[in-house]
Amino acid sequence: MAWLSRQFSTRVIVLIPIAIAINIVLGYTVQTILKLPIYLDSIGTILVGVLAGPIAGALTGILSNLIWQYAPVIGGGTIGPFAITAGVIGFLAGIWGQLAVYRSRPASGTQLILAAIAAAVIVVVVVIPILNNPAYTDPNIGGYPSWVYTAAIVIAAIVAVIVAGFIYIRRDLAGLWVAVAGVVTGIVAAFVSAPISAIAFGGVTGSGTDLLVAALRQGGSDVMSASLGQGLFSDPIDKTITSFVVFIVLGGLSGRLLARFPLGERLLGNRAV
Amino acid sequence: MTLRLSAVTYRYAGAQRDALTDVELELPAGSVLGVVGPNESGKSTLCLVASGLAPVVVGGQIRGSVTIDGRETVGMRPHELAQRCGILFQNAQAQLSGTASTVFEELAFGPRNLGLPLGTVIERVESSLETLGIAGLADRDPDRLSGGQAQLVALAAILALGPDILILDEPTSQLDPQGTRLVGEALRRLAHEKRTGILVVEHKTALLDELADRVIVIDQGRLIREGASVDVLADPALVELGVEPPPRVRVRSALAGAGFRTPGEVDALLAELAR
Amino acid sequence: MPASRWANASSGTVRSEKPADPSPGDSGRAARGLPAYVLRVPTGTYRALNPLTKFVIALSSALVAFGVRGWTGPLSVLVVTAAIALIAGVSRSLRRFVLATIPIVASILLVNAFLYPGATDVLFRVGPLAATGTGGTVALQATLRVLAFALSVAVFSLTTATDDFLADLECRGTGRRLTFVVGSAIRTIPAMGSRAVEIVEAQRARGLDTEGSIRRRLRGIVPLAGPMVFGSLAEVEERTVALEARAFSAPVRRTVMRTLPDGSGQRAMRWLVGLGSIAAVVASIAGRFPLP
């Protein structure tokens, strides 16, 4: 119980509403004003999770969705049912925070190149079984048409190059862990969102990615698989971008500010304050 | 209630240098202590340490003792500190709770947190409104106040907790002359009638000239001068530190520079003008 | 305003006893002394209902709209919600909420009518795509569900002030921290929104393209997210100290100030509506819901 109340110290209680506001304002600006095909409405949630722990993170996500749905003036839209997904994202972020995923790990030369190679290898290792397994490419058993797999491989390759570049340029191994955290969070989010979307919204989201849903269904996928396919496309990208943004933000905050949060020490490691 | 700092040295968490070194001061009930000094000299840190919020809320390490009526502040919980020692910062908007729809509810925030009976809460709110003369703002939205009005509301909110010691970090920085006068009068009343001990950091030395009994000068975290306000504020060394002396002192030096014979004559002239 | 109407109240020394909290509905005792602009008693047939009642209605509507498969669920919610909107006099304001559902409704109708997996009862063709009866039914039902949900949300947010809801929750024992988080978030959002608008305008003046290519718009994120996020996070320490200086973490039950009227009739209604909707969803999942 002491662990729980530490997660909700006054400092955390002050952070959460700010994080909720960041989620909503940034999400609205990116989706409606910049009209980009990503959500970017979880920055606050992940930030709270990393700094204060899983429960605080989950609460931030859930409240962000409920407030965005029901509050006077800003209320509306269809984001409410996805409060479950937001809660899961916040919870995961808390786990990453406990595991010090976002801690800077400066490295040089050989270590960096090794890490970049490791990232590329992981991607290749994940991709090969998909390429080789014919069962996945057979539309008759609820799988996806073959172009999906080509697209997935291309996207994975691009992501691997970007991540490797990030690690190399910033000379920070944490980039690898942050990318993994982002991808895992995105995949989990997609799996949690798919049934919600299928049950509540007929398997669509109301955004441009519904074209992907349509294409998948045209290729023979059922409602849940099409929804999942759309999610697996957009969520990992969105959550990885979000994770990197959070990583950059945390890097820019003063150590004095971070140290007072429950998981702040874990984040700083032996960084000079 | 007497606030006392003895040989206080304070360092922020993870900092390389002490922010305050060997500070010694005493604030008896009903007295007003002014604090002047150049920028970044540790005045704001002094406010945090004197109120007990450093290290209790802000963290950091402290040596020496800060006591209120003999009781160490390091051992107190934040809500106990809040009732004994109120603190007001420069940025008024950041101090408002951000949850109240009206100024009335904003002032009620503190007393309600203490669990006081509703009647007492109402009494505290109305009393604070009257002390600062802002009863007309009671039904306004705190988010829509001007900087000066927000500062007065923030001060009223602190008063509503009933502290016997007030620590103010540049309270009039955003106020116009009338607002400054209002706050000055309220502080004087609090000191004389309610026997509140007041520690006030100010750049407006004119205000300190009228209000403060004693003044201390802080530079680089150290207390370098301490004494009656008339003496300290007239010290020419203040100018070198970047502290502008009050008009009284400036006029006197100007007159002396213009050739009036002795300082006594100048003082007599000024006293005559003031009457 | 008179300095003190409470000459016989306590002298102001702090006691950590629990205050005698008026229970919801006992608005007479607590109301004495509080000015009207603080009490803000809501008026109107539906608006005057206790906020928790309205919230239970909203949640139950959402539950039934999504959880009861078939036509009855969404249609009944639509009818009930429209009726409430008429009673509460907010029907005209519903337009904004209905319009906001257009993108997703369009998607639902198009994707499901033309591309419903496994459907073979073709109604008509448009080029290479065939609209099926099964798909069309699913599309229509899903649309009704979304509309029913949107209207239930609309009715709630148009008839319930957040302050009222939070005040009522506090009466019922919700801690000060949760009410602070929700209340503060709702008030921070508009302020942060204006800050965001300022930043976007400043970036536009410096050449940020909000209409151009995706790459250019993507590059616009960092100059927007950066200042906004850093600016707000920089205030965390200051606000924490300010809250503690107002005794925010005092270990006592916070004084209840505003109470919203409640009654046994409303209590009964909440239980009825809540349990009824859960029962309907369970029945629907179990396949035993009697209506289509």
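Lettered A, B and C in written order, each chain numbered from 1.
To be clear about the criterion, a residue touches a chain if its C-beta (ideal position, glycine included) is under 8 Å from a C-beta of that chain, and two chains touch if they have at least 3 such contacts.
Everything numeric in this text was worked out from a predicted model, so none of it was measured.
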(request) Kindly list the shared contact partners of chain A and chain C, in label order. (result) B
(request) Could you tell me which chain lies farthest from chain A when each chain's centre is the average position of its Cα atoms? (result) B
(message) Can you work out the whole-Å distance between the CA centroids of chain A and chain C?
(response) 25
(message) Need the CA-centroid distance for the pair chain A / chain B, whole Å please.
(response) 47
(request) Please report how many Å separate the Cα centroid of chain B from that of chain C, as a whole number. (result) 42
(message) Touching at least two other chains at once: which residues of chain C meet that condition?
(response) 180, 184, 188, 191, 235, 237, 239-240, 243-244, 248-249
(request) Could you list which residues of chain A touch at least two other chains? (result) 10, 17, 260
(message) If a residue has to touch 2 or more other chains to count, which residues of chain B qualify?
(response) 57-58, 78, 98
(request) Could you pull out which chain A residues touch chain B in their complex? (result) 10, 17, 255-256, 259-260, 273
(request) Would you pull the chain B residues touching chain A in the complex into a rising list? (result) 12-15, 57-59, 78, 98
(request) Could you pull out which chain C residues touch chain B in their complex? (result) 1-6, 9-10, 12, 14-20, 30, 33-35, 37-38, 40, 163, 176, 179-180, 183-184, 187-188, 191, 235, 237-257
(message) Which stretch or stretches of chain A touch chain C in the complex?
(response) 8, 10-11, 13-18, 20-22, 24-26, 28-30, 33-37, 40, 43, 59, 63, 67, 69-78, 80-81, 199-207, 210, 213-214, 217-218, 220-223, 226, 245, 249, 252-253, 257, 260
(request) Going by the contact rule at the top, pick out the chain B residues touching chain C in the complex. (result) 48, 51, 53, 56-58, 77-79, 81-83, 86-87, 89, 91, 94-99, 101-102, 104-105, 108-124, 126-127, 129-130, 135, 138-139, 143, 157-158, 161-162
